[in-house]
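You will see subunit A twice below: alongside subunit B first, and alongside subunit C after that.
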Partner chain A sequence: MRVRTLVTGVIGADTHIVGNRILGMALEEAGYRVIALGALTPAADFVKAAIETAADAILVSSLYGQGELDCRGFRDLCVEAGLDDILLYVGGNLVVGKQPWPEVERRFLEMGFDRAFPPGTRVEDALAALAADFAGRAV
Partner chain B sequence: MSLALLIDFGSTYTKLRALDLEACTVAATAQAPSTVTTDVNVGLDAALSLLARELGGLPHFRHRLASSSAAGGLRMVTVGLVRELTAEAARQAALGAGARLVGSFAYRLIAADVAHIAELSPDILLLCGGTDGGNSEVILRNARALAESALSCPIVVAGNREATDEATAALNAAGKMALPTANVMPALDRLDIEPARAAIRDIFMRRIVAAKGIDRASARLDHVLMPTPAAVLEGARLLADGLPSRRGHGPLAVVDPGGATTDVHSIGVGEPSEAGVIKYGLPEPYAKRTVEGDLGMRYNAATMVSAVGLDAIAADAGLTAAAAQAELDRVVSDVEALPGRETQFRFDEALVRAAIKVAMTRHAGTRETVYTTQGPVQVQRGKDLTGVGLVIGTGGAIVHARDPAAILEVLLASATEPGSLRPRAPKLAVDAHYLLYAAGLLAQVEPVAAFDLASGNLQFVGNEATS
Partner chain C sequence: MNDIVNARIAAPTLTETAIPIEIFHQMRTANLTRWQTGAQVDFDESVAWQRALPPHKQLAVAMRRAHAERRCLTQPRGGFATLAMQKALMIALDREGLADIVPTTTDSYTRNEQFAAAQNGVNESERLERSLLNGFPIVNYGLAAGRELIEAIDKPAILLTGTAMPKLTAEIGFAAGYTGYLGSGIAYTTSYIKELSIEEGIRNYQYLDRLAALYAEHGVELHRRQPGFLTGTNIPPCIAIAIGVLDCLLAAAQGVRHYGLELAQTLHLVQDAAAIAACETLAQEYLARKGYRDVFTPVTSLHWMGAWPQDEAQAATLVSYGGTLAAIGGAVSVTTKTTHEAHGIPTPLANAEGLRMTRMAIYLARDIRLDGLPEYEREKDLIAREVRAIVDKVLEMGDGDAAVGTVRAFAAGVLDVPWSPNRHVKSRVMPARDAHGYLRIFDPGALPLPKDILDVHTDGLRARAAAQGVPYDRDLAIRSVYELSEPLAKLMPN
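After this line comes the complex of A and B, so read on.
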């Protein structure tokens, strides 16, 4: 099986990098090729990186509560760049305040993300989701 | 006495430097109008006979090396994938190889792009795209499009390594000369432009020199090694890095305002000089060259004045706007004009100050404050040159200025533009004998003599010169 390429990063004006690093290490250990863009990454940079590296998925982190604003139109950017089928995940503290997760998840799925992950998601859950989604689109 | 002859086939002048390799001095200099479009030997012979007059006959030269920027320079087109990523890396590689960029393309080439490239008829095309293991579809598609085109120039293939064989084969099968080399951007956070630069230089030596008619002088010299801008960059690198037996000057910058363009070279990593600053964007080349096509002392004086503003130039020169306009008209209509009268000196000095200030501002990185919910964060784009220890001015406009220090000082960092990472407190020097290109050439065969010549002939100016 070919090695899948994942682009990771923390979107917007968000400097919380630690969780993203831990996730990146776990993904590499699981055999993925990880292109880590780090903190303070504009949405367009995820897309540019995914084009050059022929990425299979983009994993967006957002921890500071502004994720909904930063991620708006993310799928559209990918479609514009010719990445129609790329797998899109988002996770972290995506919104401010105490909002019920199912509602938050629905908003992000409507934005075009394939999956959204609530705070406290375990690395194993993300790995299992990736495995299942890639199995469904085996090349 | 052991001498080396260094030749610069320029677009206007063929310039010679006879260098004494033991004393590390300039034994003689001469120049004559270039005759590259007819027979390069005519101009070279004229310059040589002037040199012979100074030396009392032409001695045996241990090395006879040349660089060339004649016949339009090394005209290149670059092609990459994403404009800010591999397409930008391709541009950096071409500029570092001393090229004159005539076109830069990104993403999939459409028919009009291919037709445009064929029309531009570059000397070399640099084809990039995709990180290693990344996108290969676009570079392959672009290679096939170029294979089917009327383009006849050599093509350096420096993209995704997994696509290189197939792209090269497609081009070769169509009768194009394709030269595969390492990816200019093997990973998103890594630039690797040296292999592409070496490939470009190799083609330049073997093919372009002949195509431009410079090989007609081959009986008189050993090699035409590289385009002149690449020789200047090599000279700058030698001065900065030094040699095992010679201590280098450390990170430095060179400004070279010319008639048509202004070049800036910087040697150094350009990492943030302050803690806590986050770097953004493409990694920067250690030896970086930028070319400002709209900033020239003569051919592009008009575009420069419109970029800076006539009033600003006039104020700096202490002239009325009308007088400055008259001076501008004069230098644009007579590009060979040298200043003679006071107003002409003042106008030229204002021009060169504007050229190097704007060129250095574009070359140097920036630092800005981004406000996040966790507080303000400093973000750096490009190279931090604040700690550069030496700035060298080369070219007639600086070297022959009445007060070169007063010219060079304008490019230093200023408190009114804290976001511009220009050199803060470097020593200032002029390349008075036009030796940087010569040192870059000579470094290929006698690096120690090249270093001693370039370093020993730097003329320090300003406050540092007397201390």
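After this line comes the complex of A and C, so read on.
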């Protein structure tokens, strides 16, 4: 089976890097090739990195509440770049304040993310979701 | 003269020495033209506005009084996108939360000087009638809005701005009547930005500290404060204090004589109390070595800055225990969190409750101190030896200059911060919690700590690995990142 490539990073003006780095370590241990863009990454940089590395998925982290503004139009950026079907995940503290998760999730799925993950998601959950989604996709 | 000015602005050599006043005036003029609201700042008028504030709205006065009376003041964080939301928040924190110090946190676009993005956030927040920004964009709003906020409360106000680029925010904030400003060149540059060099971050805060000193020259004492939490993730006291001391020396060199130091709680009662005591002692020790004998350095304790539990009952324990730790440690103020911390920005109600929980805990612990307790005295000595080993090496590397030494030390890894997003920080150092609950250093990277000190760290961590039946490896550090955010069913099963 070929090695899948994942682009990770923390979007926008957000500096919360710790969880993202730990996620990256776990993804690498699970056999993925990880392109880690780090903190404070503009949306366009995720897409650019995905093109350059022929990535299979983009995993966007946001912990500071402004993800709702930063992630608007993310799928459109991918489509414009020819990445119509790339797998898109987003996770973290995605909005300002404690809001009901189903509502927050719907907002991000409507933006074109394939999955959105709530605050406190552990790496095992992300690994399980990736395995399930890649199993359902032709290589 | 113009050549000197241009040299300073264009390609000055970094040193710790105070920015000459004529050059500083040129720098201010250039700075204030970078966004339209900058033109609203008139220094003399701002000094008059500050001097007209009553003493109970001056943070420098409040901190000096609390220090003298051995009280612990409470202060939350808080910022929303629009003026109306921000005003309601600050009033709630003042009246419902009984906050001793009222905050204004700026949003992350403002922190990165993305003022157009911040404006979009304001517009969208007004349209959707909820805040889409994680703070208040004070530069976009400008002077009149800032003054409206100051007039709406009956306490001193502090700006919390998590940025390596504070120059416009500080100008507008001080002019508006904020009497406190949290931020420093080393701490925030290692924690809030990816590309900016340590040198540029230091320069930006030399500007801010020079500005605070200029206000002081005109009879306005402001409370400058160093953000000791760094990346907020298991920072051992010696790293926080070493950087706090260096930031303090940099501020003192610009003329600042009132400089608070922060320490994030490790949640170990003895270690936190020892760190608070050692922090002020060491700051004064190094200030004296440099010939500064009149700098006031109160210490602020911060509620847990790592990952929080989702369960509000568990979170409430961290909030109130944090009040206990601050009071017993003798902190002059405590910065509070809330039961919503795991979910992000709290509501005004939850924020006010966090303040009151903390306040009650402070009341209960107000007369308890650990002086003389052997474990406490031992930990203070350990921290002092660690900090001296690091700071002495940094100053040696800078030939006595704190700014030069800091830049060289980060390049060499002699100064290091765990989990830093900044490319100019090695981030090799890895802390972990040991068998006795102390935060210790698993991997020191290139920190210049003597072997007998490192042995103390290693012994405690090996004891933990043995007790838990796990390997002595990096996972000790990674599990310590998440430990306290785990549910009780995992932490302490029946």
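Details
In this section, the second predicted complex is superposed on the first by the 139 of 139 C-alpha atoms of A that agree within 3 Å, B and C clash if a C-alpha of one lies under 4 Å from a C-alpha of the other, contacts with A are read in each partner's own complex, and residues count from 1 in each chain.
Throughout what follows, a residue touches a chain if its C-beta (ideal position, glycine included) is under 8 Å from a C-beta of that chain, and two chains touch if they have at least 3 such contacts.
None of these values were measured; they are calculated from a predicted model.
By the touch criterion stated above, A:Thr5 is placed in contact with subunit B alone, subunit C being left untouched.
In the superposed model, A:Ala132 lies in contact with neither subunit B nor subunit C.
Once chain A of one complex is fitted onto chain A of the other, the partner contacts of A:Ala13 extend to both subunit B and subunit C.
Taking subunit B and subunit C in turn and counting the residues of subunit A each one touches, the greater count comes from C. By the touch criterion defined above, A:Arg33 lies against subunit B but remains apart from subunit C after alignment on the C-alpha atoms of chain A. Judged by the touch definition given at the top, the superposed model places A:Pro119 against subunit C, while subunit B stays out of reach.
When the two structures are aligned on the shared chain, A:Ile51 is found in touch with subunit B, with no touch to subunit C.
Overlap of the subunit B and subunit C contact sets on subunit A: residues 13-15, 39-40, 64-66. Subunit B meets subunit A in the complex at residues 81-82, 84-86, 129-131, 133-137, 185, 187-188, 278, 280, 370-374, 377, 379. Taken in their complex, subunit A has these residues touching subunit B: 3, 5, 13-16, 33, 35, 37, 39-40, 48-49, 51-55, 64-66. Residues 80, 107-109, 111-112, 114, 117, 120-121, 124, 130-134, 162, 191-195, 231, 233, 307, 310, 340, 342-347, 350, 419-421, 478, 481-482, 485 of subunit C are the ones touching subunit A in the complex. Listing the residues of subunit A that touch subunit C in their complex gives 10, 12-15, 17-19, 21-22, 25, 38-40, 63-66, 68-69, 93, 95-98, 119-120, 122.
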